[in-house]
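Note sheet for the following structure.
When the chains are written out, they are named A, B, C and D in that same order, and each has its own residue count from 1.
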Amino acid sequence: MIITLKRKSSKQEEAKVIEKIKKLGYVPHISRGVDITIIGMIGEFAEKYKDVFESMEEVDHISEIEKPYKLASREFKKENTVVKLPYGIEVGGNKVPVIAGPCAIESKAVLLEIGKIVKDAGGTILRGGAFKPRSSPYTFQGLGEKGLKYMAYAGKKLEMPTVSEAMSVEQVPLLSEYCDIIQIGARNIQNYDLLKACGKQKKPVLLKRGMATTIKEWLLSAEYILSQGNYNVMLCERGIRTFETATRFTLDLNAVPVIKKMTHLPVVLDPSHGIGIREHVPTMAKACLAAGADAIALEIHPRPEEALSDGPQSLLPDQYNKLMAELKVLAKALDREI
Amino acid sequence: MIITLKRKSSKQEEAKVIEKIKKLGYVPHISRGVDITIIGMIGEFAEKYKDVFESMEEVDHISEIEKPYKLASREFKKENTVVKLPYGIEVGGNKVPVIAGPCAIESKAVLLEIGKIVKDAGGTILRGGAFKPRSSPYTFQGLGEKGLKYMAYAGKKLEMPTVSEAMSVEQVPLLSEYCDIIQIGARNIQNYDLLKACGKQKKPVLLKRGMATTIKEWLLSAEYILSQGNYNVMLCERGIRTFETATRFTLDLNAVPVIKKMTHLPVVLDPSHGIGIREHVPTMAKACLAAGADAIALEIHPRPEEALSDGPQSLLPDQYNKLMAELKVLAKALDREI
Amino acid sequence: MIITLKRKSSKQEEAKVIEKIKKLGYVPHISRGVDITIIGMIGEFAEKYKDVFESMEEVDHISEIEKPYKLASREFKKENTVVKLPYGIEVGGNKVPVIAGPCAIESKAVLLEIGKIVKDAGGTILRGGAFKPRSSPYTFQGLGEKGLKYMAYAGKKLEMPTVSEAMSVEQVPLLSEYCDIIQIGARNIQNYDLLKACGKQKKPVLLKRGMATTIKEWLLSAEYILSQGNYNVMLCERGIRTFETATRFTLDLNAVPVIKKMTHLPVVLDPSHGIGIREHVPTMAKACLAAGADAIALEIHPRPEEALSDGPQSLLPDQYNKLMAELKVLAKALDREI
Amino acid sequence: MIITLKRKSSKQEEAKVIEKIKKLGYVPHISRGVDITIIGMIGEFAEKYKDVFESMEEVDHISEIEKPYKLASREFKKENTVVKLPYGIEVGGNKVPVIAGPCAIESKAVLLEIGKIVKDAGGTILRGGAFKPRSSPYTFQGLGEKGLKYMAYAGKKLEMPTVSEAMSVEQVPLLSEYCDIIQIGARNIQNYDLLKACGKQKKPVLLKRGMATTIKEWLLSAEYILSQGNYNVMLCERGIRTFETATRFTLDLNAVPVIKKMTHLPVVLDPSHGIGIREHVPTMAKACLAAGADAIALEIHPRPEEALSDGPQSLLPDQYNKLMAELKVLAKALDREI
């Protein structure tokens, strides 16, 4: 952490800051320019005290140089984390699993119908929401536990690991029981009690980036889970909110190489929610693969106009099948596998 | 809801959409232009079916004309909602209460010290966090229930209503017991289970806008609380996230007149979190009052460099006292009262 | 400028950076932490070499501590700049002039009609566009030189200084001849040739912030004008682009206290373009005054549905008259004058 | 254009709007719901009158259904525009040219050195700035005409078409004389006089999207060029400004499939400026190709720490060579060619 003092600060003001640094157990490094003095306070967790120094009248501003997260960082663990799932599926290795299914679980029959389509074309993880975070209280909120039971049934029947979302601490044990991966949705990226609850159980967690979450905050949210002992965290980019309204969100592919350099955790991409327009999902899915995705999440539905949520972005089975074939060719060109 | 069909659509395609509208129990209104046909589907909750029509291949796009929230709207209730609190304090009337206190409750003594400063200069509601949503798991997370007890004690002693934040469903009964207002923080604006839990208890709720929440989504989140039977909801603007990094957030004063026209609920403004720079908080507080704030929330601390969170934006007692005097003069010029 | 080296950098890597600093004529200040070494390069215009060091493989990142602008800074000139205009009008003093008029000049008669309304209620500067930057090539583009002649005539007749926009270098001499202030619009904030051309003539310049311009970039654009010898620059905030679509732009009042601390130049606020909704302009105008505006710019039109551009945000004469009365009362409460 | 009247509007209010529509020569289509009446005004350029109706007190809001641009739209021209350049190079066909070179032209020798590297690995268009838009007036502003002469020389020598930026109307004839493509930079996307000047000459134009330009505004800016008779316009996405600061800009790949559906013009992608971090440019370049880029623009420099601008994002020759090899393999998997 670098502390820049106010321009033309006095020896006395300088001393006050230095004393504070020493009191906290750090060693100050002082550099005096013509008008400006800067003081380095370098050491583990120095950034924790950012507020303290920013609050001092003598200080102009702080520049962070250490990272505020630790377990999530590449410095802590050099090798990529590979999350191991049932049926031999892995996320974070050379193979890029496709996670697909309906947005919401509607019935056992429809889920199985869709799951079969997913599997036949090469998708390996089944998704579907039982608890649905909907911006309006008057729209379909999901089947709840019944939906999770359908999910567990479908996963077993089709021999596919499953993923579904937990919206609150109370739902975590249910998700942990019925599913193979617990998803934390974009709206709950800073629901810290939920993060901690997921950190205390054993199932892998898929942590979606919020629509206004910086890369740094995203890693700090992951750190909440890791710090409770659960190291199987997958990050999922699903679109940020920008001024552009022609697409539902702006899927931020730039974040992929950047965050993969900062962390060892695998990165999943969700082009369906990101762009939110069915016909453009395949193009974006291919861009995701090229950007370095460790897994790709897709929504599909055979009759989107009957879907209980997010119909406009769900791929039709034919679109999905065509895309899977294209992704396989593309993966090879990128030295990966689908 | 206006459904615009794809350019040069056939009679058959048109018929498919019309049939769907009728099946849902609505009456279609058709307007045919040279190349484009639009179909009106007007009636209560038509917007609920937006996804259904957006999913149809025949449809180009949907324009919403009805509002998706109801209880929160001015159409539902014309007169301003006035939230009544203990000690005769009201939010939403002509008088503009100032809500002030430390960011986090640190000890009984410091809370009382600050509360006295708040009250002496004319502040009428005491704030302070016992459960703190912090982006890093390694920083101070609040005193928890102990803090709430200090808050209840200070409120009683100083005869001031109190407000503190609930971060999860489990904390709601505690907040409901110890405090007069439950705050839902910006990070939990779409934590729907938390919203519902607050809607099921009786204490008024202060609902902070999220950093990327549209005005429409903000009202939908309020609707979640109202729809459970709790009509005492106050909205709180505390800054949105934009590209500008010279301020902590961008306090969106534009939202105040706009949302006050759309809803009957009172609007609280939080310039401390919004701009996040101590010396500029007083200027912004005055702008908030002029923009039509029904209450103003401030952070103050006598020794900000010792504060356990958000020190850089906390006003010093002298700054607070001076600001209160200025706000009183300003309120009079605006035909309001502090 | 602080140069943070890559984690665990070698002596050799360190030496390479130090040598570069010395070669550029600066003195390096070195601070070594356990894992991280930082090197201060402090001195005038060190920030100019930011790119050079960011390009070096040895460097992790750069923290700027000096400001890249100079003439625009408070360090260069402590006292507020007061721009002096004809008829004794000043911008930057205790009195807050109201700049008002139609968005576009439509005819001599309408301009005079509006100008009289402006003046009668206390507005002191007349605005109106002769060259209109319109996003579509198929909409009204302004009367051009004819409009400027009307403007000069109206200004003289009503004894009011005038302001109008220059969209290109070629228009600068015309504006300089006919008007008292040259406006540079938001879309041209980084049209550097236009900035330089305005810097080379004598008339004061009103520089509008672009819709995605940071405060730092805004001051750098002002610096382009100042560096050519024209010190009469007024900054104008008119709304930034954010994710919120309920308002036309997000008028950023937070920028006012922040930029006024950084620069001696006066700051004008334009609530009409900022919020873009007629009925909410008066509320925002009052918030602008409270936020510290040195002048307020308003659009008015007696028959907005006939206006050739921006009708939806133009105040009606009655609204304008009422607002002016309110602003006068408010100004007094803020120790200023209208 | 759909005009939604204020809730519970009277027959009289309705009549006023209808009369206005008829007066403008359009046919109104009326749909009455229980509380809300909507009126369709459908026909060519109806959107031109949006402001007129938004200005009427009787109107609640307007929904646009026609597109405000015409020549740039797929409706106007179904087939992809293929821009033909010297030496048989085309942009918009199945082959994806790589446009590469230094950010700024520094000397004849360095330009030739870089141009040779570009060509040897398969790049086909040479880029380099002679007029540089720099946010600070104190940094290198380009070699001007001398730079353009070097560019013309290098292009001829290496048999490559060339592209360079025009920052103002006066520079257009120079660019038109010396280069094969005129670039309009992101900062000038709404410099309408410059757009028109480029529309009046014959050389193809590369139009960069501004950092806060919506897709609709981008096409309207293209329309300014097309409407003057120059149909050889290439659109270039180079990153938008969002809240995320870990990357220089947010390259918006979502815009590619969306805009390619709306327009027949080719779309060029610039990952160098977009992400702004050298080591991540190759990954983003691959994502650009997968997203459907018709050409890819890259910055390269053999000694980035000596580059006079944008060194941190310039690829080293080895990185460029490796990337070109990878792009060739990838292109084949996407049924395209480099």
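To be clear about the criterion, contacts are C-beta pairs under 8 Å (C-beta built on N, C-alpha and C of every residue); 3 or more make two chains touch, one makes a residue touch a chain.
Since the structure is predicted, the reported quantities are computational estimates derived from the model, not experimental observations.
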- Tell me, which chains sit next to both chain C and chain D? A, B
- Taking each chain's centre as the mean of its CA atoms, the one lying farthest from the centre of chain A is chain C
- Item | More contacts between chains, B-D or B-C | B-C
- Averaging only over C-alpha atoms, locate the centres of chain A and chain B and give their separation in whole Å. 26
- At what distance in angstrom does the C-alpha mean of chain D lie from that of chain B? 39
- chain B to chain C: how many Å between their CA centres? 31
- Residues of chain D touching at least two other chains: 212, 241-243, 245
- chain A residues within the chain B interface of the complex: 20, 45, 48, 51-56, 68-70, 133-139, 167-170, 187-194, 210-212, 217, 220-221, 223-224, 227, 241, 278, 304-307, 309-312, 314
- Task: Quick one: which bits of chain A touch chain C in the complex? Just the residue numbers, please.
- Result: 2, 4, 7, 29, 31-34, 36, 38, 40, 42-44, 60-61, 63, 65-66, 75, 241-243, 245
- Across the complex, what residues on chain D touch chain A? 212, 214-216, 240, 242-247, 250-258, 261, 274-275, 277, 279-280, 283-284, 286-292, 329-330, 332-334
